[in-house]
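Listed next: structures, encoded as C-alpha coordinates.
Two complexes follow with chain A in common, the first pairing it with chain B and the second with chain C.
Moving on, here comes the complex of A and B:
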(Lines of atoms letter the chains of each structure in order from A and count residues from 1; the text may use other names and numbers.)
(Lines give C-alpha, C1' and ligand atoms only; values in the text may rest on other atoms or scores of the structure.)
Protein backbone atom coordinates (compact mmCIF):
# COMPACT_ATOMS: atom_id res chain seq x y z
CA UNK A 1 0.00 0.00 0.00
CA UNK A 2 2.84 2.39 0.87
CA UNK A 3 4.67 1.52 -2.37
CA UNK A 4 1.43 2.07 -4.34
CA UNK A 5 0.78 5.47 -2.69
CA UNK A 6 4.39 6.56 -3.22
CA UNK A 7 4.19 5.49 -6.89
CA UNK A 8 1.02 7.52 -7.41
CA UNK A 9 2.54 10.56 -5.69
CA UNK A 10 5.63 10.19 -7.87
CA UNK A 11 3.54 10.04 -11.06
CA UNK A 12 1.60 13.18 -10.03
CA UNK A 13 4.85 14.98 -9.19
CA UNK A 14 6.16 14.05 -12.65
CA UNK A 15 3.09 15.66 -14.23
CA UNK A 16 3.57 18.81 -12.14
CA UNK A 17 7.28 18.92 -12.96
CA UNK A 18 6.47 18.62 -16.69
CA UNK A 19 4.21 21.65 -16.49
CA UNK A 20 7.16 23.76 -15.27
CA UNK A 21 8.95 23.17 -18.58
CA UNK A 22 6.12 24.72 -20.57
CA UNK A 23 3.87 27.56 -19.54
CA UNK A 24 4.01 26.79 -15.83
CA UNK A 25 1.52 25.02 -13.56
CA UNK A 26 -0.74 28.10 -13.30
CA UNK A 27 -1.80 27.56 -16.92
CA UNK A 28 -3.30 24.26 -15.84
CA UNK A 29 -5.43 25.79 -13.12
CA UNK A 30 -8.83 26.94 -14.31
CA UNK A 31 -11.56 27.56 -11.77
CA UNK A 32 -14.60 26.83 -13.99
CA UNK A 33 -13.08 23.53 -15.14
CA UNK A 34 -12.18 22.57 -11.59
CA UNK A 35 -15.69 23.41 -10.44
CA UNK A 36 -17.23 21.36 -13.23
CA UNK A 37 -15.19 18.19 -12.71
CA UNK A 38 -13.70 18.26 -9.22
CA UNK A 39 -16.74 19.28 -7.15
CA UNK A 40 -18.94 16.33 -8.27
CA UNK A 41 -15.99 13.94 -7.93
CA UNK A 42 -15.33 15.15 -4.37
CA UNK A 43 -19.03 14.76 -3.62
CA UNK A 44 -18.95 11.17 -4.87
CA UNK A 45 -15.84 10.48 -2.79
CA UNK A 46 -17.63 11.89 0.26
CA UNK A 47 -20.67 9.67 -0.44
CA UNK A 48 -18.31 6.72 -0.85
CA UNK A 49 -16.64 7.44 2.47
CA UNK A 50 -20.05 7.36 4.19
CA UNK A 51 -20.84 3.87 2.87
CA UNK A 52 -20.36 0.81 5.03
CA UNK A 53 -18.18 -0.93 2.40
CA UNK A 54 -14.67 0.15 1.42
CA UNK A 55 -14.19 2.20 -1.73
CA UNK A 56 -12.22 -0.57 -3.39
CA UNK A 57 -14.78 -3.29 -2.68
CA UNK A 58 -17.37 -4.12 -5.33
CA UNK A 59 -20.76 -2.37 -5.26
CA UNK A 60 -23.48 -4.93 -4.45
CA UNK A 61 -24.53 -6.72 -7.64
CA UNK A 62 -22.75 -4.33 -9.99
CA UNK A 63 -19.26 -5.72 -10.64
CA UNK A 64 -17.34 -2.48 -10.15
CA UNK A 65 -16.00 -0.72 -7.08
CA UNK A 66 -16.92 2.77 -5.87
CA UNK A 67 -13.49 4.08 -6.88
CA UNK A 68 -14.00 2.72 -10.37
CA UNK A 69 -17.38 4.47 -10.51
CA UNK A 70 -15.71 7.76 -9.53
CA UNK A 71 -13.22 7.30 -12.36
CA UNK A 72 -15.93 6.60 -14.94
CA UNK A 73 -18.04 9.54 -13.76
CA UNK A 74 -14.95 11.78 -14.08
CA UNK A 75 -14.53 10.65 -17.70
CA UNK A 76 -18.22 11.26 -18.47
CA UNK A 77 -17.96 14.72 -16.91
CA UNK A 78 -14.86 15.47 -18.97
CA UNK A 79 -16.69 14.62 -22.19
CA UNK A 80 -19.74 16.69 -21.19
CA UNK A 81 -17.45 19.56 -20.20
CA UNK A 82 -15.54 19.48 -23.47
CA UNK A 83 -18.82 19.59 -25.43
CA UNK A 84 -20.02 22.52 -23.35
CA UNK A 85 -16.68 24.20 -23.96
CA UNK A 86 -17.16 23.67 -27.70
CA UNK A 87 -20.60 25.30 -27.51
CA UNK A 88 -19.03 28.33 -25.83
CA UNK A 89 -16.12 28.35 -28.28
CA UNK A 90 -18.11 28.21 -31.51
CA UNK A 91 -20.85 30.50 -30.23
CA UNK A 92 -18.33 33.26 -29.56
CA UNK A 93 -15.90 32.52 -32.35
CA UNK A 94 -15.94 36.09 -33.68
CA UNK A 95 -14.97 37.50 -30.28
CA UNK A 96 -11.26 36.77 -29.79
CA UNK A 97 -11.42 37.50 -26.04
CA UNK A 98 -13.95 34.70 -25.48
CA UNK A 99 -12.15 32.02 -27.50
CA UNK A 100 -9.36 31.54 -24.94
CA UNK A 101 -11.49 30.85 -21.84
CA UNK A 102 -13.84 28.57 -23.80
CA UNK A 103 -10.96 26.58 -25.28
CA UNK A 104 -9.28 26.43 -21.87
CA UNK A 105 -12.45 24.99 -20.40
CA UNK A 106 -12.71 22.49 -23.25
CA UNK A 107 -9.16 21.24 -22.79
CA UNK A 108 -8.85 21.44 -19.02
CA UNK A 109 -12.08 19.58 -18.22
CA UNK A 110 -10.73 16.78 -20.42
CA UNK A 111 -7.39 16.97 -18.62
CA UNK A 112 -8.90 16.85 -15.13
CA UNK A 113 -11.37 14.09 -16.02
CA UNK A 114 -8.75 11.82 -17.54
CA UNK A 115 -6.29 12.56 -14.72
CA UNK A 116 -8.88 11.66 -12.07
CA UNK A 117 -9.75 8.50 -14.00
CA UNK A 118 -6.08 7.60 -14.15
CA UNK A 119 -5.60 8.13 -10.39
CA UNK A 120 -8.73 6.08 -9.56
CA UNK A 121 -7.51 3.33 -11.87
CA UNK A 122 -4.13 3.26 -10.12
CA UNK A 123 -5.63 3.34 -6.62
CA UNK A 124 -8.26 0.67 -7.28
CA UNK A 125 -7.87 -3.01 -7.88
CA UNK A 126 -9.89 -3.09 -11.08
CA UNK A 127 -9.21 -3.95 -14.69
CA UNK A 128 -9.63 -1.30 -17.34
CA UNK A 129 -12.96 -1.69 -19.10
CA UNK A 130 -13.13 -1.21 -22.87
CA UNK A 131 -15.88 1.42 -22.69
CA UNK A 132 -13.61 3.66 -20.61
CA UNK A 133 -10.84 3.34 -23.21
CA UNK A 134 -13.30 4.26 -25.97
CA UNK A 135 -14.43 7.34 -24.02
CA UNK A 136 -10.84 8.50 -23.45
CA UNK A 137 -9.83 7.87 -27.06
CA UNK A 138 -12.95 9.64 -28.29
CA UNK A 139 -12.11 12.57 -26.05
CA UNK A 140 -8.60 12.75 -27.51
CA UNK A 141 -10.09 12.81 -31.01
CA UNK A 142 -12.44 15.64 -30.01
CA UNK A 143 -9.46 17.66 -28.74
CA UNK A 144 -7.44 17.05 -31.90
CA UNK A 145 -10.47 17.94 -34.04
CA UNK A 146 -10.97 21.21 -32.21
CA UNK A 147 -7.32 22.17 -32.40
CA UNK A 148 -7.43 21.47 -36.14
CA UNK A 149 -10.55 23.60 -36.50
CA UNK A 150 -8.93 26.48 -34.61
CA UNK A 151 -5.69 26.18 -36.60
CA UNK A 152 -7.53 26.20 -39.94
CA UNK A 153 -9.59 29.23 -39.00
CA UNK A 154 -6.63 31.41 -37.99
CA UNK B 1 -28.92 8.87 -1.76
CA UNK B 2 -29.58 8.15 -5.45
CA UNK B 3 -31.84 11.19 -5.79
CA UNK B 4 -29.39 13.37 -3.83
CA UNK B 5 -26.51 12.38 -6.11
CA UNK B 6 -28.49 12.97 -9.30
CA UNK B 7 -29.80 16.32 -8.05
CA UNK B 8 -26.35 17.41 -6.92
CA UNK B 9 -24.81 16.62 -10.30
CA UNK B 10 -27.58 18.29 -12.29
CA UNK B 11 -27.64 21.36 -10.04
CA UNK B 12 -23.85 21.66 -10.26
CA UNK B 13 -23.96 21.60 -14.05
CA UNK B 14 -26.91 24.01 -14.04
CA UNK B 15 -25.16 26.38 -11.65
CA UNK B 16 -21.98 26.29 -13.73
CA UNK B 17 -23.95 27.02 -16.92
CA UNK B 18 -25.77 29.89 -15.23
CA UNK B 19 -22.62 31.54 -13.89
CA UNK B 20 -20.11 30.93 -16.66
CA UNK B 21 -22.12 30.80 -19.82
CA UNK B 22 -25.33 31.86 -21.54
CA UNK B 23 -28.10 29.49 -20.52
CA UNK B 24 -30.02 29.79 -23.78
CA UNK B 25 -27.00 28.55 -25.76
CA UNK B 26 -27.71 25.11 -24.35
CA UNK B 27 -31.37 24.83 -25.30
CA UNK B 28 -32.38 23.44 -28.63
CA UNK B 29 -35.70 21.72 -29.31
CA UNK B 30 -34.55 19.69 -32.32
CA UNK B 31 -31.59 18.26 -30.38
CA UNK B 32 -33.90 17.37 -27.53
CA UNK B 33 -36.25 15.55 -29.90
CA UNK B 34 -33.36 13.69 -31.57
CA UNK B 35 -32.27 12.30 -28.19
CA UNK B 36 -35.51 11.83 -26.25
CA UNK B 37 -37.84 10.46 -28.92
CA UNK B 38 -35.69 7.43 -29.85
CA UNK B 39 -35.19 6.81 -26.14
CA UNK B 40 -38.92 6.68 -25.57
CA UNK B 41 -39.43 4.45 -28.60
CA UNK B 42 -36.59 2.13 -27.59
CA UNK B 43 -38.08 1.68 -24.12
CA UNK B 44 -41.49 0.90 -25.61
CA UNK B 45 -40.04 -1.49 -28.18
CA UNK B 46 -37.72 -3.41 -25.87
CA UNK B 47 -39.92 -3.58 -22.81
CA UNK B 48 -43.11 -4.37 -24.63
CA UNK B 49 -45.56 -1.77 -23.47
CA UNK B 50 -48.65 -2.03 -25.58
CA UNK B 51 -49.58 1.56 -25.76
CA UNK B 52 -47.12 4.43 -26.10
CA UNK B 53 -49.74 6.80 -24.75
CA UNK B 54 -50.65 4.74 -21.71
CA UNK B 55 -49.47 6.82 -18.76
CA UNK B 56 -49.85 3.89 -16.38
CA UNK B 57 -46.49 2.44 -17.38
CA UNK B 58 -44.69 5.53 -16.06
CA UNK B 59 -45.70 4.52 -12.53
CA UNK B 60 -45.62 0.75 -13.02
CA UNK B 61 -42.02 0.61 -14.21
CA UNK B 62 -40.50 1.62 -10.87
CA UNK B 63 -42.31 -1.08 -8.91
CA UNK B 64 -41.19 -3.86 -11.19
CA UNK B 65 -38.50 -6.36 -10.23
CA UNK B 66 -34.87 -5.40 -9.86
CA UNK B 67 -33.86 -7.22 -13.04
CA UNK B 68 -36.50 -5.41 -15.09
CA UNK B 69 -35.39 -2.07 -13.66
CA UNK B 70 -31.76 -2.88 -14.48
CA UNK B 71 -32.73 -3.85 -18.05
CA UNK B 72 -34.69 -0.62 -18.39
CA UNK B 73 -31.76 1.47 -17.15
CA UNK B 74 -29.37 -0.30 -19.54
CA UNK B 75 -31.77 0.32 -22.46
CA UNK B 76 -31.93 4.02 -21.59
CA UNK B 77 -28.13 4.31 -21.22
CA UNK B 78 -27.18 2.53 -24.45
CA UNK B 79 -29.91 4.22 -26.48
CA UNK B 80 -28.87 7.63 -25.16
CA UNK B 81 -25.24 7.05 -26.16
CA UNK B 82 -26.21 5.85 -29.62
CA UNK B 83 -28.66 8.68 -30.28
CA UNK B 84 -26.03 11.16 -29.07
CA UNK B 85 -23.48 9.75 -31.51
CA UNK B 86 -26.03 9.71 -34.33
CA UNK B 87 -27.14 13.25 -33.52
CA UNK B 88 -23.54 14.40 -33.66
CA UNK B 89 -23.17 12.91 -37.14
CA UNK B 90 -26.54 14.28 -38.23
CA UNK B 91 -25.34 17.77 -37.30
CA UNK B 92 -21.83 17.52 -38.70
CA UNK B 93 -22.65 16.20 -42.19
CA UNK B 94 -24.82 19.13 -43.41
CA UNK B 95 -22.55 21.56 -41.61
CA UNK B 96 -19.48 20.43 -43.55
CA UNK B 97 -21.45 20.13 -46.80
CA UNK B 98 -22.53 23.77 -46.59
CA UNK B 99 -19.26 25.17 -45.30
CA UNK B 100 -17.51 27.48 -47.75
CA UNK B 101 -13.73 27.51 -48.06
CA UNK B 102 -11.70 28.93 -46.24
CA UNK B 103 -13.12 27.54 -42.99
CA UNK B 104 -15.02 30.13 -41.03
CA UNK B 105 -17.56 29.89 -38.28
CA UNK B 106 -18.81 33.44 -38.19
CA UNK B 107 -20.07 35.38 -35.20
CA UNK B 108 -22.53 32.73 -34.08
CA UNK B 109 -22.71 28.98 -34.29
CA UNK B 110 -23.95 27.17 -37.35
CA UNK B 111 -27.36 25.61 -36.49
CA UNK B 112 -26.19 22.16 -37.56
CA UNK B 113 -23.15 22.41 -35.33
CA UNK B 114 -25.47 23.40 -32.50
CA UNK B 115 -27.52 20.23 -33.13
CA UNK B 116 -24.35 18.18 -33.27
CA UNK B 117 -23.03 19.45 -29.94
CA UNK B 118 -26.28 19.67 -28.03
CA UNK B 119 -27.47 16.16 -28.93
CA UNK B 120 -24.18 14.86 -27.53
CA UNK B 121 -24.57 16.94 -24.36
CA UNK B 122 -28.17 15.81 -23.76
CA UNK B 123 -27.28 12.17 -24.45
CA UNK B 124 -24.30 12.28 -22.08
CA UNK B 125 -26.40 13.92 -19.37
CA UNK B 126 -28.98 11.13 -19.67
CA UNK B 127 -26.16 8.57 -19.56
CA UNK B 128 -24.65 10.20 -16.48
CA UNK B 129 -28.01 10.22 -14.65
CA UNK B 130 -28.58 6.55 -15.51
CA UNK B 131 -25.06 5.61 -14.33
CA UNK B 132 -25.69 7.35 -11.01
CA UNK B 133 -29.11 5.70 -10.56
CA UNK B 134 -27.68 2.30 -11.51
CA UNK B 135 -24.68 2.33 -9.19
CA UNK B 136 -25.46 4.60 -6.21
CA UNK B 137 -27.39 3.47 -3.16
CA UNK B 138 -27.20 -0.27 -3.88
CA UNK B 139 -26.51 -1.17 -0.25
CA UNK B 140 -29.71 0.61 0.84
CA UNK B 141 -31.85 -1.60 -1.40
CA UNK B 142 -33.38 -4.84 -0.14
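Moving on, here comes the complex of A and C:
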Protein backbone atom coordinates (compact mmCIF):
# COMPACT_ATOMS: atom_id res chain seq x y z
CA UNK A 1 0.00 0.00 0.00
CA UNK A 2 2.91 2.35 0.79
CA UNK A 3 4.57 1.55 -2.55
CA UNK A 4 1.26 2.18 -4.34
CA UNK A 5 0.59 5.57 -2.74
CA UNK A 6 4.20 6.69 -3.07
CA UNK A 7 4.36 5.89 -6.77
CA UNK A 8 1.01 7.60 -7.43
CA UNK A 9 2.33 10.71 -5.63
CA UNK A 10 5.50 10.47 -7.73
CA UNK A 11 3.48 10.35 -10.97
CA UNK A 12 1.43 13.41 -9.95
CA UNK A 13 4.65 15.23 -9.00
CA UNK A 14 5.98 14.45 -12.50
CA UNK A 15 2.99 16.26 -14.04
CA UNK A 16 3.32 19.18 -11.60
CA UNK A 17 7.04 19.46 -12.42
CA UNK A 18 6.21 19.66 -16.14
CA UNK A 19 3.92 22.65 -15.54
CA UNK A 20 6.97 24.67 -14.40
CA UNK A 21 8.15 24.86 -18.01
CA UNK A 22 5.32 27.37 -18.28
CA UNK A 23 3.90 29.56 -15.56
CA UNK A 24 3.48 26.89 -12.88
CA UNK A 25 0.53 24.85 -11.59
CA UNK A 26 -1.66 27.84 -10.72
CA UNK A 27 -2.63 28.15 -14.40
CA UNK A 28 -4.38 24.77 -14.05
CA UNK A 29 -6.95 25.92 -11.47
CA UNK A 30 -10.35 26.80 -12.89
CA UNK A 31 -13.39 26.68 -10.64
CA UNK A 32 -16.19 25.93 -13.18
CA UNK A 33 -14.37 22.98 -14.73
CA UNK A 34 -13.28 21.66 -11.32
CA UNK A 35 -16.92 21.82 -10.19
CA UNK A 36 -18.18 20.15 -13.37
CA UNK A 37 -15.90 17.12 -13.06
CA UNK A 38 -15.37 16.78 -9.33
CA UNK A 39 -18.96 16.95 -8.03
CA UNK A 40 -20.31 13.89 -9.93
CA UNK A 41 -17.13 11.92 -9.20
CA UNK A 42 -17.22 12.73 -5.48
CA UNK A 43 -20.93 11.82 -5.38
CA UNK A 44 -20.22 8.46 -7.03
CA UNK A 45 -17.32 7.82 -4.62
CA UNK A 46 -19.64 8.63 -1.68
CA UNK A 47 -22.28 6.21 -3.01
CA UNK A 48 -19.56 3.60 -3.48
CA UNK A 49 -18.33 4.01 0.09
CA UNK A 50 -21.87 3.28 1.35
CA UNK A 51 -21.97 -0.05 -0.48
CA UNK A 52 -21.23 -3.31 1.30
CA UNK A 53 -18.51 -4.70 -0.99
CA UNK A 54 -15.14 -3.07 -1.65
CA UNK A 55 -14.60 -0.43 -4.36
CA UNK A 56 -11.98 -2.50 -6.20
CA UNK A 57 -13.94 -5.79 -6.21
CA UNK A 58 -16.25 -6.72 -9.09
CA UNK A 59 -19.92 -5.72 -8.92
CA UNK A 60 -22.01 -8.90 -9.02
CA UNK A 61 -23.22 -9.66 -12.55
CA UNK A 62 -21.73 -6.51 -14.09
CA UNK A 63 -18.12 -7.41 -14.81
CA UNK A 64 -16.65 -4.09 -13.68
CA UNK A 65 -15.68 -2.70 -10.29
CA UNK A 66 -17.08 0.51 -8.77
CA UNK A 67 -13.71 2.27 -9.12
CA UNK A 68 -13.59 1.39 -12.82
CA UNK A 69 -17.10 2.83 -13.22
CA UNK A 70 -15.98 6.10 -11.59
CA UNK A 71 -13.07 6.26 -14.03
CA UNK A 72 -15.36 5.77 -17.06
CA UNK A 73 -17.75 8.44 -15.77
CA UNK A 74 -14.80 10.83 -15.43
CA UNK A 75 -13.73 10.19 -19.03
CA UNK A 76 -17.25 10.69 -20.41
CA UNK A 77 -17.59 13.88 -18.35
CA UNK A 78 -14.34 15.17 -19.83
CA UNK A 79 -15.59 14.54 -23.37
CA UNK A 80 -18.95 16.24 -22.60
CA UNK A 81 -17.15 19.17 -20.94
CA UNK A 82 -14.84 19.70 -23.87
CA UNK A 83 -17.85 19.75 -26.24
CA UNK A 84 -19.57 22.31 -24.01
CA UNK A 85 -16.41 24.41 -24.14
CA UNK A 86 -16.38 24.07 -27.93
CA UNK A 87 -19.93 25.44 -28.18
CA UNK A 88 -18.88 28.45 -26.08
CA UNK A 89 -15.73 28.92 -28.13
CA UNK A 90 -17.40 28.99 -31.56
CA UNK A 91 -20.46 30.91 -30.39
CA UNK A 92 -18.21 33.85 -29.48
CA UNK A 93 -15.81 33.40 -32.40
CA UNK A 94 -13.68 36.55 -32.76
CA UNK A 95 -14.54 38.05 -29.38
CA UNK A 96 -11.32 38.03 -27.36
CA UNK A 97 -12.93 38.49 -23.95
CA UNK A 98 -15.42 35.62 -24.25
CA UNK A 99 -13.18 33.06 -25.97
CA UNK A 100 -10.71 32.71 -23.07
CA UNK A 101 -13.00 31.27 -20.34
CA UNK A 102 -14.66 28.90 -22.84
CA UNK A 103 -11.31 27.54 -23.96
CA UNK A 104 -10.11 27.20 -20.36
CA UNK A 105 -13.27 25.16 -19.63
CA UNK A 106 -12.59 23.00 -22.71
CA UNK A 107 -8.99 22.20 -21.77
CA UNK A 108 -9.31 21.89 -18.02
CA UNK A 109 -12.44 19.68 -17.83
CA UNK A 110 -10.65 17.34 -20.17
CA UNK A 111 -7.46 17.53 -18.05
CA UNK A 112 -9.21 16.84 -14.73
CA UNK A 113 -11.34 14.05 -16.19
CA UNK A 114 -8.34 12.21 -17.62
CA UNK A 115 -6.36 12.74 -14.39
CA UNK A 116 -9.18 11.19 -12.31
CA UNK A 117 -9.47 8.34 -14.82
CA UNK A 118 -5.72 7.74 -14.51
CA UNK A 119 -5.78 7.73 -10.71
CA UNK A 120 -8.73 5.29 -10.69
CA UNK A 121 -6.80 3.07 -13.11
CA UNK A 122 -3.73 3.10 -10.85
CA UNK A 123 -5.72 2.47 -7.65
CA UNK A 124 -7.67 -0.54 -8.93
CA UNK A 125 -6.44 -3.74 -10.49
CA UNK A 126 -8.80 -3.94 -13.48
CA UNK A 127 -7.98 -4.14 -17.18
CA UNK A 128 -9.41 -1.19 -19.09
CA UNK A 129 -11.93 -1.40 -21.91
CA UNK A 130 -10.34 -0.25 -25.16
CA UNK A 131 -13.16 2.28 -25.79
CA UNK A 132 -12.04 4.34 -22.78
CA UNK A 133 -8.50 4.52 -24.15
CA UNK A 134 -9.84 5.68 -27.53
CA UNK A 135 -11.90 8.39 -25.79
CA UNK A 136 -8.77 9.63 -24.02
CA UNK A 137 -6.80 9.61 -27.26
CA UNK A 138 -9.54 11.53 -29.06
CA UNK A 139 -9.06 14.42 -26.64
CA UNK A 140 -5.74 15.20 -28.33
CA UNK A 141 -7.49 15.70 -31.67
CA UNK A 142 -10.19 17.85 -30.04
CA UNK A 143 -7.49 19.98 -28.39
CA UNK A 144 -5.41 20.41 -31.55
CA UNK A 145 -8.36 21.30 -33.75
CA UNK A 146 -9.77 23.81 -31.27
CA UNK A 147 -6.34 25.35 -30.72
CA UNK A 148 -6.34 25.98 -34.47
CA UNK A 149 -9.80 27.53 -34.16
CA UNK A 150 -8.62 29.75 -31.30
CA UNK A 151 -5.54 30.83 -33.27
CA UNK A 152 -7.79 31.83 -36.19
CA UNK A 153 -10.23 33.71 -33.98
CA UNK A 154 -7.74 36.13 -32.36
CA UNK B 1 10.19 -14.25 -37.56
CA UNK B 2 8.34 -12.39 -34.85
CA UNK B 3 11.25 -10.39 -33.36
CA UNK B 4 12.18 -9.56 -36.96
CA UNK B 5 8.73 -8.08 -37.55
CA UNK B 6 9.10 -5.86 -34.46
CA UNK B 7 12.45 -4.61 -35.73
CA UNK B 8 10.87 -3.99 -39.15
CA UNK B 9 8.05 -1.93 -37.63
CA UNK B 10 10.47 0.18 -35.57
CA UNK B 11 12.76 0.67 -38.57
CA UNK B 12 9.85 1.77 -40.77
CA UNK B 13 8.84 4.38 -38.18
CA UNK B 14 12.44 5.63 -37.98
CA UNK B 15 12.67 5.82 -41.78
CA UNK B 16 9.44 7.80 -41.88
CA UNK B 17 10.89 10.19 -39.31
CA UNK B 18 14.10 10.60 -41.34
CA UNK B 19 12.02 11.18 -44.48
CA UNK B 20 10.38 14.24 -42.94
CA UNK B 21 13.82 15.89 -42.96
CA UNK B 22 13.46 17.41 -39.50
CA UNK B 23 14.20 14.49 -37.24
CA UNK B 24 15.43 16.77 -34.45
CA UNK B 25 11.92 18.21 -34.04
CA UNK B 26 10.75 14.78 -32.88
CA UNK B 27 12.96 14.87 -29.78
CA UNK B 28 12.01 16.97 -26.81
CA UNK B 29 13.33 16.14 -23.36
CA UNK B 30 10.39 17.38 -21.19
CA UNK B 31 7.87 15.55 -23.42
CA UNK B 32 9.89 12.36 -23.15
CA UNK B 33 10.24 12.61 -19.37
CA UNK B 34 6.53 13.27 -18.77
CA UNK B 35 5.78 9.94 -20.49
CA UNK B 36 8.70 7.74 -19.38
CA UNK B 37 8.58 8.42 -15.61
CA UNK B 38 4.83 7.68 -15.19
CA UNK B 39 5.17 4.51 -17.30
CA UNK B 40 7.93 3.19 -15.01
CA UNK B 41 6.19 4.31 -11.81
CA UNK B 42 2.86 2.78 -12.87
CA UNK B 43 4.36 -0.72 -12.75
CA UNK B 44 5.22 -0.17 -9.07
CA UNK B 45 1.83 1.44 -8.46
CA UNK B 46 -0.28 -1.42 -9.80
CA UNK B 47 1.89 -4.52 -9.33
CA UNK B 48 4.41 -3.59 -6.64
CA UNK B 49 8.19 -3.83 -7.00
CA UNK B 50 7.90 -7.54 -7.93
CA UNK B 51 6.32 -6.32 -11.20
CA UNK B 52 9.75 -5.31 -12.50
CA UNK B 53 10.91 -8.90 -12.00
CA UNK B 54 7.83 -10.36 -13.73
CA UNK B 55 8.34 -8.07 -16.71
CA UNK B 56 11.61 -9.70 -17.72
CA UNK B 57 10.70 -13.28 -16.76
CA UNK B 58 9.26 -15.57 -19.43
CA UNK B 59 6.68 -18.24 -18.65
CA UNK B 60 7.05 -22.00 -18.98
CA UNK B 61 7.54 -23.28 -22.50
CA UNK B 62 7.85 -19.75 -23.86
CA UNK B 63 4.24 -18.87 -23.08
CA UNK B 64 3.37 -15.41 -21.84
CA UNK B 65 2.69 -15.29 -18.12
CA UNK B 66 -0.54 -13.66 -16.96
CA UNK B 67 1.42 -11.15 -14.87
CA UNK B 68 3.56 -10.05 -17.80
CA UNK B 69 0.48 -9.48 -19.97
CA UNK B 70 -1.13 -7.34 -17.27
CA UNK B 71 2.06 -5.34 -16.72
CA UNK B 72 2.37 -4.65 -20.45
CA UNK B 73 -1.30 -3.53 -20.47
CA UNK B 74 -0.53 -1.17 -17.59
CA UNK B 75 2.49 0.25 -19.37
CA UNK B 76 0.68 0.80 -22.67
CA UNK B 77 -2.40 2.43 -21.19
CA UNK B 78 -0.28 4.61 -18.90
CA UNK B 79 1.78 5.70 -21.89
CA UNK B 80 -1.32 6.87 -23.77
CA UNK B 81 -2.94 8.58 -20.77
CA UNK B 82 0.19 10.37 -19.58
CA UNK B 83 0.94 11.39 -23.15
CA UNK B 84 -2.50 13.00 -23.53
CA UNK B 85 -2.07 14.69 -20.14
CA UNK B 86 1.32 15.98 -21.28
CA UNK B 87 -0.33 17.43 -24.39
CA UNK B 88 -2.91 19.17 -22.19
CA UNK B 89 -0.11 20.68 -20.07
CA UNK B 90 1.64 21.82 -23.26
CA UNK B 91 -1.54 23.50 -24.55
CA UNK B 92 -2.13 25.32 -21.25
CA UNK B 93 1.50 26.53 -21.33
CA UNK B 94 0.91 27.72 -24.93
CA UNK B 95 -2.18 29.66 -23.85
CA UNK B 96 0.06 31.67 -21.50
CA UNK B 97 1.92 33.23 -24.43
CA UNK B 98 -0.60 33.69 -27.22
CA UNK B 99 0.59 37.22 -28.01
CA UNK B 100 2.64 36.13 -31.02
CA UNK B 101 0.40 34.24 -33.50
CA UNK B 102 3.44 33.06 -35.50
CA UNK B 103 4.79 31.16 -32.46
CA UNK B 104 1.62 29.05 -32.16
CA UNK B 105 2.62 26.56 -34.88
CA UNK B 106 6.04 25.48 -33.51
CA UNK B 107 4.70 25.41 -29.94
CA UNK B 108 1.83 23.15 -31.06
CA UNK B 109 4.34 20.79 -32.70
CA UNK B 110 6.12 20.37 -29.37
CA UNK B 111 2.84 20.02 -27.48
CA UNK B 112 1.78 17.01 -29.61
CA UNK B 113 5.03 15.08 -28.95
CA UNK B 114 4.00 13.47 -25.58
CA UNK B 115 1.01 11.82 -27.27
CA UNK B 116 3.33 10.58 -30.03
CA UNK B 117 5.68 8.99 -27.49
CA UNK B 118 2.76 7.50 -25.57
CA UNK B 119 1.35 5.93 -28.73
CA UNK B 120 4.78 4.54 -29.56
CA UNK B 121 4.92 2.83 -26.14
CA UNK B 122 1.35 1.57 -26.69
CA UNK B 123 2.36 0.06 -30.04
CA UNK B 124 5.40 -1.72 -28.58
CA UNK B 125 3.54 -3.12 -25.57
CA UNK B 126 0.60 -4.25 -27.75
CA UNK B 127 2.93 -6.18 -30.03
CA UNK B 128 4.92 -7.65 -27.14
CA UNK B 129 1.89 -8.77 -25.14
CA UNK B 130 0.54 -10.87 -28.02
CA UNK B 131 3.82 -12.54 -28.90
CA UNK B 132 5.62 -15.41 -27.28
CA UNK B 133 9.24 -14.56 -27.80
CA UNK B 134 10.51 -17.75 -26.22
CA UNK B 135 9.83 -20.43 -28.84
CA UNK B 136 10.00 -18.92 -32.30
CA UNK B 137 12.98 -17.04 -33.56
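The definition used in the following text is that the second predicted complex is superposed on the first by the 151 of 154 C-alpha atoms of A that agree within 3 Å, B and C clash if a C-alpha of one lies under 4 Å from a C-alpha of the other, contacts with A are read in each partner's own complex, and residues count from 1 in each chain.
The definition used in the following text is that a residue touches a chain if its C-beta (ideal position, glycine included) is under 8 Å from a C-beta of that chain, and two chains touch if they have at least 3 such contacts.
On a predicted model such as this, the values are computed, not experimentally measured, just so you know.
Student: Looking at the overlay on chain A, is there a clash between chain B and chain C, or do the two fit?
Tutor: Partners fit side by side after overlay.
Student: Taking the superposition on A as described, I'd like to know which of chain B and chain C A:122 touches: first, second, both or neither.
Tutor: second
Student: Just checking: does A:84 make contact with chain B only, chain C only, both, or neither of them? Give me first, second, both or neither.
Tutor: So A:84 only meets chain B here.
Student: Of the two partner chains, chain B (first) and chain C (second), which one does A:62 touch, if any: first, second, both, or neither?
Tutor: After superposition on chain A, A:62 lies in contact with chain B alone.
Student: Once the shared chain is lined up, is A:43 touching chain B (first), chain C (second), both, or neither of them?
Tutor: A:43: touches chain B, not chain C.
Student: Applying the document's definition of touch, where does A:53 land relative to chain B and chain C: first, second, both, or neither?
Tutor: After superposition on chain A, A:53 lies in contact with chain B alone.
Student: In Å, how small is the closest CA gap from chain B to chain C once the two complexes are overlaid?
Tutor: The answer is 15 Å, the least C-alpha separation in the overlay.
Student: Going by the contact rule set out above, which residues of chain A touch chain B in the complex?
Tutor: Residue list for chain A touching chain B: 32, 35-36, 39-40, 43-44, 47, 51-53, 59-62, 64, 69, 72-73, 76-77, 79-80, 83-84, 86-88, 90-91, 93-95, 105, 149, 152-153.
Student: Considering the complex alone, what residue numbers of chain C touch chain A?
Tutor: On the chain C side, the touching residues are 30, 33-34, 37-38, 41-42, 44-46, 48-49, 70, 73, 77-78, 80-82, 84-89, 91-96, 98, 101, 104, 108, 112, 115, 119.
Student: What part of chain A is in contact with chain C in the complex they form?
Tutor: Its residues touching chain C are 3-4, 7-8, 10-11, 14-15, 18-19, 21-23, 27-28, 103-104, 107-108, 110-111, 114-115, 117-118, 121-122, 125, 127-128, 133, 136-137, 139-140, 143-144, 147, 150-151, 154.
Student: Once bound in the complex, which stretches of chain B touch chain A?
Tutor: Per the touch definition, chain B meets chain A at residues 1, 5, 8-9, 12-13, 16-17, 20-22, 25-26, 102-110, 113-114, 117-118, 120-121, 124-125, 127-128, 131-132, 134-136, 138-139, 141.
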